[in-house]
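Structures follow.
Next come two complexes, and both contain subunit A; in the first it sits with subunit B, in the second with subunit C.
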Partner chain A sequence: MRNLAPLYWAEAKMSMQQQAQYRGVAFINVLGFLIEPIVYLVVWRTVAEQAGAINGYGVDEFTAYYIVWTLVRVFNLALAPGAWDWWVSSGRISNDLLHPVSPYHRNLSGFAGAKIVWIAVWIPVAIFLALLFRPGIQPTLFQAGMLFVSAWAGYVIRFNILYVMGLLSFWTTRAQALIEVVIALELLLSGRLVPMAVMPQWVQDVSSWLPFKWTFEFPIEVFIGQLTTTEIWQGLGYQAGWILITSAGYVLLWKRAIKKFTAVGS
Partner chain B sequence: MNRFLHSVGVTLIHWRLAAQYEVQYRFNFVLQIIQSGVRLVTGVVAIRLVFGYTSDLGGWSEAELLAVLGIHILLGGVLGTFVIPNMFTFMFQVREGELDYALVRPVDAQMFISTRQIRFWNVVDIATGAIVLGWAMADLTTSLSALDVLWFAVGLLCGLTVLYCVWMAFTTTSFWLINTDDMAQLLSGLYDAGRWPIRVYPMWLQGVLTLIVPMGVAITVPAEALTDRLSLGAMALLIAVTIVTTVLTRAFWLYGVRNYSGASA
Partner chain C sequence: MASVVVDHLTKTFKVPVREEGFANSVKSLFHREYRQVEAVKQVSFALEPGEIVGFLGPNGAGKTTTLKMLSGLLYPTDGDADVIGYRPWERDPEFLTRSALVMGNRNSLNWDLPVADTLDVRRAMYRIPRSDYEQRRERFTEVLGVGDLLTKPVRNLSLGERMKVEILASLLPAPPVLFLDEPTLGLDLSMQKRIREFVGEYAAEEGATILLTSHYMADVTALCERVIVIHRGSLLFDGDLADLSERFGAGKTVTVTVAGEMPDVSSYGEVVERGSSKAVLDVSKDTVAGVASRLLADLAVVDLSIEDPPIEDVIESTFASGDAAADATQEAPRT
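Let's look at the complex of A and B:
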């Protein structure tokens, strides 16, 4: 087993430096992410004000949920599957295949490094949102630490899912239709649209068998105090399981994918 | 007048060519149906969830919110078909130094760069929006007068003009800024805020979506015309916003062109 730590560190550092050059772009990106949660936040705060708390979510919980949402969204960003379409059809992937390690590692570490800058940009935005909406929660140091761990784990799961979908481009140029459906399922079943507690019970049951909520809702609920300590540890266990499953999916598909590739345009 | 008719003729030729190009890729039609379906399902699910817990949202009923969603999808379809493809091409050409080829044509440059492309299959969104709007209208108990329909048509026209101007003004910044693709993401996010009536938002956000980036008012006012909520003040505000954004966008574009030194020259 090769030691990939130096590669991960070098790629992350490079990506961080690159992003730090474009701080304005990073700020606009983070602003772009804000609109969606602010809309959800306003709508669900209004509902909670009119109807009272919904399955443990009152005005404060919805507010806290959608503010932490913005951080988890930043953590969640991963390589878009659509990028593979162009890499494969243009033959640009040939350059990446000449490297002694799979592009997976460079992409995973590169996105991780970029997040450090995005998170730094996110901090003042989060303070602004907290002052504006005043969420009434008091997270413990343990919850804050677990948010950090679970958000990184969520990133790896989501990265793997999108990577596996991207690899379908080695077989078809029309993977986009499938990708659209998976992204829609993710929106509904990850907690991105609403906390799963707001969804009907059968949707909550379905979501617990899928990886999506472990990438998005779980880190948020860890921080805002919706889970007990036991549930947090169990959730981390589920995340570890999904990292293993999705990584296995990548390994299996990657070996077959590069055999399929015939160096178009190289 | 002749110059205007000439520009219209050039636009129609571009549209015909673009449509012929697009229909070659018929699978994109299937893809577009899936994308529109996804947008529709997520929009309807969000509304249904809200009304699972309350009977109104800031005074708006479920059918009224469905009408807003229909207009949001419909206007989004018009933007996606006629406006956004042109804006991306424009940004790309500025970056690559290819805009000179557009500026030297014997037609108005703003009209040329705004109308030379269409993404034909996005008409699926226009049709979807119209169907959702029809579905909402069937659920609404209010009866529409001819005047309501007229205000709706005026509101829709003003809304479209405002949305075009906002996109045009933002993409004009590509004369100075390098990475305007991210700006496009921001605009898409702001447009999505129009999926709900801006009256449910806090005052500061209503102000942003009415005066700074007037995308919210462009969608909400036409919906208000159909749901018996329209005040004369709201319509007057939309008309005023339309006139101001049109004038400012044109002035900004001309200023940008004057300062453009032609990257390929």
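Let's look at the complex of A and C:
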């Protein structure tokens, strides 16, 4: 088994340098992420103020949920599958295929490194949001530690899902339609739009069979105190399982995908 | 034992075809037609360790497709290849570490960061021991004259500068097999020369096997004794560069200078160029000795030289003969 740790570190470091060079862009990106959760936050706070708590979510919980949402969103940003269309059809991927390590590792570690800078940019934004909306939660050190672990695990799962979808570009240059469907499912079933507890029971049942909630809702709930210690450990187990499944999906598809590569345009 | 053995390598692409116009566009929604394009047809050759071989052919001949198969980028449709003991398209990490494909005018470095940062990632990716890395980096930097470029972001480099650091980055793992695809494309003459010298030195010091494609004959004549010519996907010639001239060079170039005014010399051969006292003639190989004797006997010759035609002309003549052969094959009746 090849030791990839030095490569992961070198790529992450290079990516951090790159993001630091464009720190203004990183700041604007993080601000851009805020629009979506602030809309959700304002809507659901209003609903909770008028209708009371919904399945354990009151004003404080919704507020905390959407503030932590912004951090988890920064964590689970991954290579957009749409990038593959151009990457493959233009032949630009040739450069990466000539190296002895799959571009998967470079992309995974590169995005991980970029997050360090994005998170540094996120901290003042989170403090501002917390002062503005004052979420009434008291997370423990354990919950904070588990948020860190589960958010990284969520990143790997989401990275794998998007990567596998991106690999479809080796078969068709028009994979975007399918990608849009999966992104829509993710929006509904991950807790990105609303906490799954607010959704109908059958939607919650469907989401429990899919990987999406483990990339988004689970790390948030870990931190805002919606889960027991046992549920947190079980959740981490599910995340490990989804990492294995999605990684296996990547390995199987990657071997077939590169056989399809025609290297046109390079 | 040969470093590279190519055995009847073939690559066919399936290409969609559609007639122009809206009606055909609608028709193609229901019924798509494809045609098979044979980019490389049954190509076979072998390269010995340390050989630098020119791989020539006109645009679309199949050179780059062959290099991509040999570097593990493309799966062949048929045939086999062995490169330093590996089948390239199996993409063994050890093979990918020990071979390199450098494509001219392509950027594989991080656009935004200084070159040195990308080189550091390469060190980690290719697991180059730090002492080897530092020693090679220093040596290559010196030979290529790129010391002051290492701290510059790649986007601030000129094309020539970028090509030099691309080559430096590709050679850091010291690959014993190197495929160079138009490494001097778009560069000025001095930059071309610098890169040629570097490639020559690298091959000599590392004993590397190099397969080089280039449309600049200066690259080929400076580095390669042997050339392989491919045309329309098929191998047309494999041998010494001198033999290529012998086989495909239509004649010899005779340059004659006389004392006083140059008379009409069209009876000696095809006049390529004529000045007041100097003429350049194209003379067939068989008659060149006789023509030279006659010129010396008939005219007040001050200077006379007999040379092979420029290699560019020989290559052009080679491709033309390939075209003729391919056309003849296509027109031949089939049963």
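Note that the second predicted complex is superposed on the first by the 266 of 266 C-alpha atoms of A that agree within 3 Å, B and C clash if a C-alpha of one lies under 4 Å from a C-alpha of the other, contacts with A are read in each partner's own complex, and residues count from 1 in each chain.
In this text, a contact is a pair of C-beta atoms (placed from the backbone, for glycine too) under 8 Å apart; a residue touches a chain by one contact, two chains touch by 3 or more.
Since this is a predicted model, take the numbers as computed values, not measurements.
A.B. asks: Does the superposition put A:212 against subunit B (first), subunit C (second), both, or neither?
C.D. replies: After superposing on A, A:212 lies clear of both subunit B and subunit C.
A.B. asks: Applying the touch criterion given at the start, work out whether A:177 contacts subunit B, subunit C, both or neither, answering first, second, both or neither.
C.D. replies: first
A.B. asks: Just checking: does A:258 make contact with subunit B only, subunit C only, both, or neither of them? Give me first, second, both or neither.
C.D. replies: A:258 contacts subunit C only, not subunit B.
A.B. asks: For the overlaid complexes, name the partner, subunit B or subunit C, with more touching residues on subunit A.
C.D. replies: Partner with more touched residues of subunit A: B.
A.B. asks: After the superposition on A, what does A:199 contact: first (subunit B), second (subunit C), both or neither?
C.D. replies: The first partner, subunit B, only.
A.B. asks: Should A:97 be classified as contacting the first partner (subunit B), the second (subunit C), both, or neither?
C.D. replies: After superposition on chain A, A:97 lies in contact with subunit C alone.
A.B. asks: Which partner does A:22 reach: the first (subunit B), the second (subunit C), both, or neither?
C.D. replies: Both partners, subunit B and subunit C.
A.B. asks: Let me test your reading of the model: by the given contact rule, A:14 touches which partner, first (subunit B), second (subunit C), both or neither?
C.D. replies: The second partner, subunit C, only.
A.B. asks: Which subunit A residues come up in both lists, the one for subunit B and the one for subunit C?
C.D. replies: 22
A.B. asks: For subunit A, which residues count as touching subunit B in their complex?
C.D. replies: 22, 25, 28-29, 31-36, 38-39, 42-44, 46-47, 50-51, 54, 174, 176-177, 180-181, 183-184, 187-188, 193-194, 198-200
A.B. asks: Quick check: in the complex, which residue numbers of subunit B touch subunit A?
C.D. replies: 27, 30-31, 34-35, 38, 41-42, 45-46, 49-50, 52-54, 56-58, 179, 182-183, 185-186, 188-190, 192-193, 195-196, 200-202, 205
A.B. asks: What does subunit A use to touch subunit C in their complex?
C.D. replies: 2, 6-7, 9-11, 14, 17-18, 21-22, 94-95, 97-101, 106, 258-259, 261-263, 266
A.B. asks: Quick check: in the complex, which residue numbers of subunit C touch subunit A?
C.D. replies: Residues 13, 65, 68, 71-75, 89, 91, 93-94, 96-97, 100-101, 103, 106-108, 110, 112-113, 117-118, 120-121, 123-127 of subunit C touch subunit A in their complex.
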